[in-house]
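Below is the structure I would like to discuss, written out as structure tokens.
Chain naming follows the written order as A, B, C and D, and within any one chain the residues start at number 1.
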Amino acid sequence: MNKVYKSANQAIEGVKDGMTLMVGGFGLCGIPENSIKALLELGVKGLTCISNNAGVDDFGLGLLLKNRQIHKMISSYVGENAEFERQLLAGELEVELIPQGTLAERCRAGGAGIPAFFVPAGFGTEVAEGKEMRDFNGKPHLLEYALTADFAFVKAWKGDTHGNLVFKQTANNFNQSMAMAGKITVAEVEELVPAGTLDPNYIHVPGIFVQRIFEGKGYEKRIERVTTR
Amino acid sequence: MALTKEQIAQRIAQELQDGYYVNLGIGIPTLVANYIPEGMQVILQSENGILGMGQFPLPEEVDADLINAGKQTVTVNAGASFFDSSLSFAMIRGGHVDLTVLGAFEVTDSGDIASWKIPGKMVKGMGGAMDLVASARNIIVAMQHCSKDGESKLLKKCTLPLTGINCVKRIVSDLAVIEVTDRGFKLLERAPGVSTESIIAATAAPLIVEGEIPEMNLPVW
Amino acid sequence: MNKVYKSANQAIEGVKDGMTLMVGGFGLCGIPENSIKALLELGVKGLTCISNNAGVDDFGLGLLLKNRQIHKMISSYVGENAEFERQLLAGELEVELIPQGTLAERCRAGGAGIPAFFVPAGFGTEVAEGKEMRDFNGKPHLLEYALTADFAFVKAWKGDTHGNLVFKQTANNFNQSMAMAGKITVAEVEELVPAGTLDPNYIHVPGIFVQRIFEGKGYEKRIERVTTR
Amino acid sequence: MALTKEQIAQRIAQELQDGYYVNLGIGIPTLVANYIPEGMQVILQSENGILGMGQFPLPEEVDADLINAGKQTVTVNAGASFFDSSLSFAMIRGGHVDLTVLGAFEVTDSGDIASWKIPGKMVKGMGGAMDLVASARNIIVAMQHCSKDGESKLLKKCTLPLTGINCVKRIVSDLAVIEVTDRGFKLLERAPGVSTESIIAATAAPLIVEGEIPEMNLPVW
């Protein structure tokens, strides 16, 4: 068993035009910086990206947007990225906006073999259009379907050679549920350690969900809104 | 006089109770954290994965891996926990959050809210707002009563795409505290010095006014 | 805010005849020993208990079964408890048997505000009787409903005064998902520590799900099958 | 000669591949862990919440908080992880487990399996078996070909309550290795010294026999 890859370029091997990718992170926090840059270099086009946001104009998924590699975004939030909003309003980019919790749960469901489930979010709004509705306990709910991806790109703080992942603080966000939902899940980590180093009681993503892992380099970890007291 | 944003936050803070788990949206709602009454323990949830969010960091404490749902750097208090987005929204959807405070473009007298999109002009996306309004046990909207052009934002029917329906329980605006009842908007309190008549005039939907309407009780500051 | 109780007897206050209780644990591993004993002393009857197993004849939930306090069991596995099997076969006890993964997910769903979801487990078996069926990706699935409880009793290794819980090894099992699903969740822990002691990155159950917590006493931690090499 | 339980486990171990995640049921399947080929890394999942299950503990290592799905005390290997039941079955239901090995009372030539209940006599409960058989990518049943009374357990139709349908891919019994094909049972291998005729006789459902059937290749021991 060898899940360890030497570089992002090797780890993303197999990504092709038109594929569906999940990309972890919330804003610029916990995004797979190395994998995104490798995708930029690879130049694959026509991608459908499932990611809560699309980075900012010049960082994160914003780089792929700018380079017109993305055909469709499935996200919950556009704000903070002027290019994203511009492409959306100009109709140059297909965008499916999904409530944030529904998005996270649809990813988890994709990994957990649950093809569909009911949630209340979005009832009565345009999100409900065309969706099956049903009342539970007198409250209307929408049927939402699982999401999966050809590749899921996630970023963790530490990972081991078995693919076990540990996140730091709020850098987990969507990485955990997306790691579960990739047909091939590629994890990049700040520190790659030998199996047996991480405490088995505190693994956020067990290795069974991770097919490839590599130690990333040169993390910028940009902050969108430095706020101090 | 119309309330400042800080005063709106201050008034909303009066709705807090000890032991409450509270989710504060971006903008005015975030300011509510500054007015939690002394000695009261309120635990702030940030939907990107924090329970027990604290104040903003000192410059030397800033950490890219520790942000709130507004993408601002934050800190956490003793007893905090971090978790992934699916568990975060399990808390929200499961009704474990006691109070949600969020902003809005428009609110109706049946509790509908619009807050995420202005067709053709601006799309922010709903983020976690649709999940929050669909499931929160108690929802307070913090907002300006009227737009910059003087148009009322408290309507009979939203003109903008909805975030949720029949969900808003209370509105704290710069002019008034208004409850959303089965019969529509009901005026509870006036901003200090603001007349009932001017609130009625600034509210596009009918406003139930019963008896003498007290002024908000805001500490002098 | 005070979630800390001094004893099991105080922490179970409010449990009444006919209530539905969730009880964590797998076999005898990770069961809320103190709460079960307190329920035995309280003598409440006509209970519906949602628990993967029912302990053994003379320990765990087996104590309440023997004392005829349980009207109905919702479980996945009866084995290892002769009294459970006897009451079931004699028709003295109402029993609903549910596939283990469906049981866990129904508890999680109850806590997560997901009223119903589709799973493949049980299709074509007696578990499917009377259930709604639907094909996804050409495969038949059953619609399963969320479970909640008036009280959930769980047991953790460590807990803090905010109700945050940490489990040890396989003593987690059903405790995590059940903690999410109780209207009132009572957690007993081997060690109760002040808030701020546990690492916030490695909390298994965030305090928002726990209404009451106490430090348990005299844990027996019986082992059903001591097996050595 | 019919295989011993250990030999059945040994034969099943030949189906393992490097890097496989495997769930082994109670009974004979548990024994498969003893025959993982040297140098091959196979990671065992136990549905009560372990990935990377190791061997049974030394007497001084026994820990009440560390058991397997059969409630036996175990240990874990380097790289292991512990998790709750909902995540454990997310792995199983989501098809992340490469191979599931379990026991059965009865199996049919369309891949149905009965393993959890004998009406009026015995109810063990399905535990995780229904979840496993409904979702596993590859399912091997380890069983005795016939009951103690000599009745075949490989049938056209189960007489006992089902655990799942159309799911079993392969059977390794004390007499044979049989594949469940679209056309029914197909004999792949014979236990050493057991004739094709006696396997046909011990199989209540039709058995496809094509060409010469080789004996299982079991190491002498």
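General remarks:
Just so we're on the same page, a residue touches a chain if its C-beta (ideal position, glycine included) is under 8 Å from a C-beta of that chain, and two chains touch if they have at least 3 such contacts.
Worth saying up front: this structure is predicted, and the values here are computed from it rather than measured.
Taking the definition of touch as given, a chain qualifies here only if it contacts chain A and chain B alike; those chains are C.
Counted by C-beta pairs in contact, the busier of C-D and B-C is C-D.
Spacing of chain C relative to chain D, judged by their CA centroids, is 29 angstrom. Separating the centre of chain B from that of chain D, both taken as means of CA atoms, is a distance of 56 Å.
Chain B and chain C have Cα centroids lying 36 Å from one another. Averaged C-alpha coordinates give centres for chain A and chain C that are 33 Å from one another. The residues of chain A that reach two or more other chains are 105, 108, 112-114, 119-120, 167-169, 200-201, listed in rising order. Within chain B, contacts with two or more other chains are made by residues 82-83, 89-90, 92-93, 135. The residues of chain B lying in touch with chain A in their complex are 46-50, 55-59, 61-68, 70-74, 82-86, 88-90, 92-93, 112, 120-131, 134-135, 161-166. Residues of chain D touching chain A in their complex: 18-19, 21, 41, 43, 45, 51-52, 76-83, 87, 89-97, 135.
By the touch rule above, chain A contacts chain C in their complex via residues 105, 109, 112-120, 134, 136-137, 141, 166-169, 199-202.
Residues 1-2, 108, 110-114, 160-162, 164, 180, 194-196, 200-201, 203, 206-209 of chain A are the ones touching chain D in the complex.
Listing the residues of chain C that touch chain D in their complex gives 26-30, 52, 75-80, 85, 88-89, 97, 99-105, 107-108, 119-127, 157, 167-177, 204, 221-229.
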